[in-house]
Structure formats: C-alpha cells, structure tokens
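Note that the chains take the letters A, B and C in the order they are written out, and that residue 1 is the start of every chain.
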C-alpha cells in the first residue's frame, strides 16, 4: 500500500507544481510598475477589435497594431463624423485649399507624452506634421503612400504647414489622409531605420492622444488617462474613467459570455442573438442592461457593404444577364432576419452606405435597380444562356454569419436553377483565390465606411487588371474603361464642387446597376453593445447630443467620433 | 543492451529528423502566400504600396532567400531555439508565444492526467475484484470514456457555468485582472481552472479505470495466477502480482500521455477559452499562423520522440521479461 | 519466446498467455505497442488523440493475445461462441442499443419531420410537440438534424474503422511476417506517421479541397489512425509465425500472402474483430472532435457539426441546451454501447474470462 500512497503523493505534488507554474511565469512577465488591478468602477473594459495579443503599437503596421494605437495614442489632423457627414479639426486647428496648395494650421498646446511614465517630450509642431507627410511620401511601403502620391513638397513656417501639390491634386485621397493618417513625433521616429518605421513593435510609444499605454498582459492592453491631453483644455473632453482596458478577442460566443457577466462594458463584436437580449430576459434574469446604437431594428450603424463578387473573367459570370439573374434571385431579407436577427440592413441596389445616401441618385436607382424576384431572375437566367455550369460560392472558414448567409444564397440560387455549392476555405486560401482570380463567386466587404463614394467605385472599377489583384481592388476583374475614367475624373474634382461630383457618381451608379460587376447584399453592422452595469450614457440614435460612432476598430477610433463617445460615458 | 538503445535512439533521431522536415514543409505546402495574406490586412488600395510592403515583410519573415537556405536556417533556428516570427503576433518570436502558453497547458493537463491515472488505476483494480463495484463503476467509466470531450465540456460549461453560474467560463483568470501574487488572483486562477480540469480528468479517469479493470481481471485468470492459487498463495498475494503486471501497460500509457501533454487538449481549451497550447494551436489554425503552428508541432514531435524512448527504457527497467529477452536476442 | 512456460511467477505467466508487451525482442522494439490501443485513440481527436491514447489503451492489451492459437477456430468452437454470445448480457445490451441506432440512422432521413438545413420555425424554440428537440438559432429543427447526423456519424465510423483496419493490417502483417529490413523500414515509417500531428495534416489537405465530404473524413481518419493497429498486428504475427502450423505451411512452399490470409489471419480473427469494433468507436469520436473544431465535412449535418454550430451561435449563453445536449448524448451512448459490447465479446472469445 505504501507504493500507492507514494503515487498519490506524487500526483499531488505534480498538481501543486503545475498550478504554481503559471503564477511564476506571470509574476515574471508582468511589467514592473504596472497596476496590480484596475478598480472596476474606474475602468472601461472594451473588446471586439484585437485578434492578437497586445505586442504591437506601431500605427504604420496595420497588420498587427493593437486597439487604441490610432486614436488613444496617435491622432490624425482631422476627424470625420459619418453620422453628420462633417469633418472635425483635430491636431489641425484648421486646414484648406489655396489653389493647388493645402495649408494646415497646426493646433498649439499639444504635447508629445511618453508612455507609461507620462513624461512630456515636447510640443507638437509643424515639423512633426511635415515629417509625417514626407514619411508617407518617401517610403513606397508606407500604408498612406498612395494618399500623398500627388504631393510635391511640404514647407513649414512655425505652426503653418503648406503642402504643395502637382497640377491636378488627388483631392479625395488627400482628404482621406487628413482624417486617417496618424501624426508621428519627428524626434523619435526619425531615428528609426526605414524598415523599423513600419515594423518596430513600438511598445513605449510617445504620442499626443488622450491615453497612455499603462500595461499589457497576454490578453489585454490597459491605458490610463493622459493628464497632458490637449482635448481636455481645448475641447472640454474629459474621460470619467481612469483606465481603459481592451481585451483581445476570443470567439463571438465567449465574448457574449463576458458581456453578460459584466466583465466587458463596451463590445464591438458581432454577438449572435444580441437582439433577443437587448430588451429580453433569460433564465429568470430581468434583462441584461445592454444598449445598442439604435434601440430597435437595425440596432447597429452600418459599417461596410457586403458584396457578392462574381469572377467576370469566367463564364457564365461574364454575362450581365446572368449577374442580373443572381441579383434578383437572392432573398437578402431572409438573411437579415434569420442569420442576423435584424441587426443588419439590406443594402440598396447601388450599395453605398446610408451615410453616403446624398450621393445616390434615387431616380437612377429606382429605374435600374434590382429587387428580390425569382420570376424575373428566371427570365434573366434564360436570356443569359446559362448552360448549367456547376459553380462555387466561397467565404472564409470561421466567419460564421457569412457561412450561414451563403447557405441561404446557395439555396436561393439553386431554386432558380443555378447550381451553386457553398464552400468555406481557410481565409488564406480564399484570399489567394480572390487575388489570383481562381474563384467563381465570393463574398467580400472591402468597401468600408468612407467620407465619399470614391473608394467604393475605385474598388469596383480599378484598372488595369493585374495577374494578381493584390490590393483590395476590382476582385470581380471587370473591365469598363468608361467607368474607370469617370472614377479617375472624380478623384481630381475638389470636394467642394458637389454638383460636379454628384453628376459623375450618378453616371457611375447607372453603369453599375446596368452591368452589376458585383452585387451589393447587405450592410455589415458597426457592431456595438454597451453593458450598463458600470457605465452609462452610451451613444444612441435617440439622444440628440450623443450621436457618435461607438466603435473602437482601427479606422474608426482614430478617425471618426469614437473619442467623443468615450468622453460622454458616465459612471452608473 | 547498449546496442539496443543505440538502435532505438537512432530510429527516433531519424523519425525526428523526417518529422521536423515535414513540419518545416507545411507552411510552404499551403496554398496562398502567408506574406500576401499578412499584407492583405492593410487593406491597401494601391498596387505599388502593396508590392513594397510585400517585399518588406517577405524579408521580415525570412522568406527572401532560396528554399534550401530557408531549410538550413530552419535547422539553425532549431538549434538556437529560434523558430522565427509569429505572423498573427508580429513581431513576437514564436518561441516566446509558445512559452507563454505552456504553463497553462501544464497546469491543466499534468494534474488531470496524473490524478486520473492514480485514482483510475485504484478504482479499476478495486472494480476488478468486487462484483458490486464492477457493476456500478464500470458503466459510469464507460460513459465517461465514451464522451466526446467537446460534449462534456459544453455540458459542464452550460450547467455549472452559464446556467447556475457557479464557475466562470472562459479564460485562465477573470478578465481585467493583471496577474499578481494575491489571494484573489490565485482564487480566480483556480475557479477558472476547475471546469476544464474536470473535463479532462473525468474522461481520462474513465479510460484508466476501465483499462485497469480489464487488465487485472485478465491477469487474475492467467495460468500463473491459477498456479499461485493452487500453491495456496493468499488472494492478496495473487492480486499483488496481477496488479504489478497490469500496471505495466498503464505506466507506458502514462509516459506517452505526458510526452504529448505539450500539445494540450484542443477541444477542452477551446470550449473554455483556456489560454494553453491547445487553444494556441486552434488560434494559429484560424489565423493561419503557419510559423507558429510549425513551432508548436516541433515541440510535440520532440515530446512524442522522448516519450516513446522513455517507454522503451521503462519497459527495460520495470519489466524483467524484456531485459531477459533482450539479452537473449543480443547474445 | 524466451521465457519457458514452466517458470513460476507473473512474468512467465503473462508471457505465455499473451503478447501483452514483449514476447519477442523485436516486439520490445515496438516498445509501445500495447500502449497504442484502440480505445485510447477513442478518447481523443487530433493532437489529443495521442494525448489520450493511453487512457484506455490497455483494453486492447487484454484481448490482444486471447484469440491466438490454432485451436480456437476449429470445429464446433464457432457454435460455442454463438452459445456464449447469446448468453452474454454485456454483448446483448451493447448490440441491441447499437441496433436501435443503426435502424434510426437508416430510416432517419425518411422519418425526419423537416429538412434539417431549412429554416422552418422561429429561432431558439424549446422542445415541444411540433419540434421534439426544439429549434436552432436559425429556426432549424434539431430532431431532424439529429436523425440526419446520426447516419453521417455511423458512416464516418464505418469508413474510418475499415480504412484503418485495412492499412494497419497490411502493414502489420507484412512487417510481422517478413521481419528484417522490411520490418525496420515499416517501423520507421509508422513512427513518422505517429509523429505527424493528424490535425495539421487535415488542415493542409483541407486547404486544397473546395469541399470536404463524409468519405474524405472517413478515409482521413483511417489513414491517420492505423499505426497502433499495425503495431499490434505486427506483434501478433511475430508470435504466430513461429508456430508449427505456419512452419508447415512454409514447408509446403506456399506464398507469403497465402499463408498470411489463410493461416495467420484466421487465427487472429477474434482479435481483429475486436480491433475493428474499437476502431469504429474511435472513428466516431475523432470525427466528432474534427467536426466540433470546424474541420469536419462541409455542406452536411453531423452530430459533431451540430455541437460546433451550437457553440458558435451562442447556444451556451442563450441557454439553448437542446441544440448541443442531444447530439453529444447520442455519440456517448453509441460509443459506450460499443465499449460494453466489446468487453462482452472479449468474454465470449476468451474462455478464461467467461467463468467470472
């Protein structure tokens, strides 16, 4: 029996040792000086943005940067408010065109502050802005390189920065630079090699934003309020929380657990079944206190347009009648109600997001637009001369809502006689299929929210078609030279000339609806769920003073009005 | 005997070499170019910038040299404990990512396996000699053993986690906690650890118990047991011999399990979102981080090799028959 | 066979009676062959298939030697088996449970009230008369899904078990019977296969396939789980090829294949049968694991994908237990019944175990 006792003891020892192992590991990895715990009622917990652990805070490495890198740390010159369709001067006090020059007046009183110490490293100057523009201009690999392609040079005089453009400035892409590109500190960033400027992990950032990077663990990055932030003094924006911790995402359902357990306050995940929980009760629970932007359908703002890409270099997708048949055959309404339970909106035939509806020519849309009609779809199919080819429709594996969505689409298409099999390749496979044009049909949502319809039509019509369509442009591989020249023309029209722009876009819309190189299906939601146990006053369509973008995603937090939404939060 | 071990060792080294080579080839066998996919995350609208970035990251991931050189670099990296850079967690080194997950997997699986081994063997041996126990424990054991991990995990997460809320589900400690040496943190660790631990424990417990029960029953009916009894040996002595023989295959099974422990238990860790290696494998799959996968599987290959080799040694040390037959063979 | 049968003590006893671990030198070489028992692989999937290999491995250790010997399959013994089989409660229980589910799997799609993938009702409805097991997040009928999924699970189990048995036996027999260089090569090959994590292999292959079907999953499970079969069969063959009746066959100048098929295999028949049953069960569990991780067949409903979908669509959080409890329960019952039947069969084949 002694042997067995020994075995039991051995087992116990193993257990104890194994349990202690993570403790030791974590004690050694926790960064020195970090807060041991963040008081729950002083901390805002967010999630839904990051899919990797927080180890990269380089605003130029769009592949790996962690939540808050743009927005909480680095800031752009302007913000864009998609709900009210206006620009808000941010690091720029003002800016405007003077001929082919763009003149920026840099805001004064902005400090470069080091994380996590909070030490002030000097003031933001025109030189920093010029440095940031030149950085994008001089490195072809810089993610904003294309935005500054028509910039000839930058001159600085005190806080005034003058950007000199070539004869025909690319107005639209420059405008995108203004509200998207982060302004970097010339003093620290210029010391890095050109490669490091794009790839360094930048774990001790020196930035201007409202928060400082306080600590990171394997699954979260915590920020603390930057006492030197200019926005408090100049705009009266003050965060009521002391800390903001952004949690790395796990699966949608795990995130729903965390939200229901009130471990997360602000969730930007797609959470299946959330519409049932917003007002409903479950298991004796009298409601979960969850808020969405709209209190009822569609619950969410729209974030991007989901397209059905058709590979127009292949038969039968190269036939316009076939594409019309597909467009008329799909019951998008059913996807909206069953897969998304009402949390998305069906796209308009043109597919431009609701925030850009002023650019949609309604008479064109109602004359040429498609709608769900299996009968019409069959007529188009007959005209197309479809010979019964077996086709596939792909979405990335694991994108559960899309996987369920294309199941519905495939059923609809098969119902009118188009033989379609839904497939779910791994993301990389699907990506390479789309880039190399080795697919039949696929969903994509590259057409994200933007201030103008320009990028939407650029994505549809960009030419020439390369062997590898590596940038996220024209995955349908559709050639329409007239449309492409219209898009190029739109790029060089000043944004103030709305009449001209509208006439160009209206022509594009008509060509688009007649040929349908891609088929707009629905608008993916800007998923937002707010837990009211610790914080209230989340952005809402019903509040006239609190209509801000409730989204922490990259491209939103440091570019749209999320900072205002954060500053409006109140303790519960 | 030394010759025997040398031959075995040679086989495992060869197997390791070939296994690692296949492992190295996996990211390169996959359709699609990992760098292309990484750069796709930038959502660039300019083909020119795309080209430039592609070049930059091809270099950053060490893919800008000929394949044969990549292969040599791989072995050089293995020697220097450097498995390249994770691309879902760029620029974090793969080895670092792996080591941050290892403690959780060990904390989960080592106790689950050792405790289930110890208890399972005892209960199994007891069941083998008491009919009453055999009729009660045996069916329970079969059910535990027959359960898919996924289901047991889901059921426990639902009843004890989501419905009654006795235990948290998800993560290794409460979200928002920063690891520190306080009791509240330790408590959080334990309460998050319990359900995944029970899942693995129960399924393996069923396996060990059934295995032991069958082995002991079998041993008790062998000629030597009958012979012992006929010589008038006490039932206790007979059972002791039976137990000693029956425990041998169990022991090598334990060694093998501990050898592959490094692979984690994917399903359980996924259901509970437990941040061990199993979960990491799953994430690496979904994120298509082939360099990370490559690194993890190299660990597993090493583990399997060592475990198999250990089993050979255990057999020689513990089982006199093996020693005997080996000497006979080598003579 | 180095230990003499007359020796007293456990060592000799076990040696004589079975091939538990080490009846010949080469077998020690296999080293872990008793470890890699089928029930072991039953408990896990993918990487953890190996992690749990040992959990039940010994179950095979027990039957492994029992059927060996020319005497077992002569004359009236067959009828004797049937006699004992009909009186073995474990076997009868296991088999009748299995029978019920097999019948359900066959007629399932015919009696299913709804199309399993169609959205037929309101989402997340609890069990009721109209929907015996409620509905899914999408409003699909869970009971119909279960009936369809049952068939797929059985098919995968059957295909996986069959392929593993075929490959494992082919390699095990050749290695065991021929020995020498061929044996060494096959052993290294087997070791390498063991070392390649099947999950990774599945991912790589999946990347090249537009869709994955039941057939693919079955074959895949087969070609990755054969190593322990090969090892066990090889060990058995080693002991058998030394027997007189094999020597006699050799002397008569017959070809190796013929000797293996006509002399060696029949003498392991009972053992091979048990192996097949355990492989069947382990394939069902492995498939459930793959399906649960989203690596299962596409465009079809299986018991594993039901659990996968339930988890993905927040069935836990929305308290939709009727979506994931039934499929897992069915898998558990199927596999447990197989295990019980297996023990029963063991007792039938092995006269020594019958007594107790």
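Definition applied: contacts are C-beta pairs under 8 Å (C-beta built on N, C-alpha and C of every residue); 3 or more make two chains touch, one makes a residue touch a chain.
This is a predicted model, so every value here is computed, not measured.
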Comparison of B-C and A-B by number of C-beta pairs in contact, larger one: B-C
Chain whose mean Cα position lies farthest from chain A: C
Chain occupying the middle, per Cα centroid: B
Mean-CA-position distance for chain C and chain A (Å): 48
Whole-Å gap separating chain B and chain C, where each centre is the average of the chain's CA atoms: 21
Chain A and chain B, separation of their C-alpha mean positions in angstrom: 38
Of all residues in chain A, the ones touching two or more other chains: 251, 257, 283, 397-398, 426, 428-429
Shared interface positions of chain C, touching two or more other chains: 203, 207, 311, 316-317, 319
For chain B, residues that touch 2 or more chains besides their own: 30-32, 161-163, 169
Of chain B, residues touching chain A in the complex: 30-34, 36-57, 59-60, 88-92, 97, 99-100, 103-104, 106-108, 110-111, 114-115, 117-118, 122, 161-163, 168-172, 174-182, 184, 186, 189-190, 193, 273, 275, 286-288
Chain C contact footprint on chain B (complex, rising order): 7-8, 11-12, 14-16, 18-19, 22-23, 26, 29-32, 109, 116, 139, 142-143, 145-152, 154-155, 157-158, 161-163, 169, 203-204, 206-208, 210-212, 214-215, 217-219, 221-225, 227, 241-242, 244-246, 248-250, 252-254, 256-257, 260-261, 263-267, 270-271, 278, 281-282, 285, 293, 297, 300-301, 304-305, 308, 311-312, 315-316, 319-322, 324-326, 328-329
Of all residues in chain A, those that touch chain C in their complex: 251-253, 256-257, 260, 271-273, 276-277, 282-283, 334, 338-339, 341, 392, 394, 397-398, 400, 404, 407, 411, 421-426, 428-429
Residues of chain C touching chain B in the complex: 2-3, 8-18, 20-25, 28-29, 31-32, 34-37, 39-40, 42-48, 50-59, 61-62, 187-188, 191-192, 194-197, 199-200, 203-204, 207-208, 281, 285, 288-289, 292-293, 304, 307, 310-311, 316-317, 319, 321, 324-325, 327-329, 331-336, 338-340, 343, 346, 352-353, 355-356
In the complex, chain C residues that touch chain A: 117-119, 123-124, 137-139, 203, 206-207, 210-211, 294, 298-299, 311-319
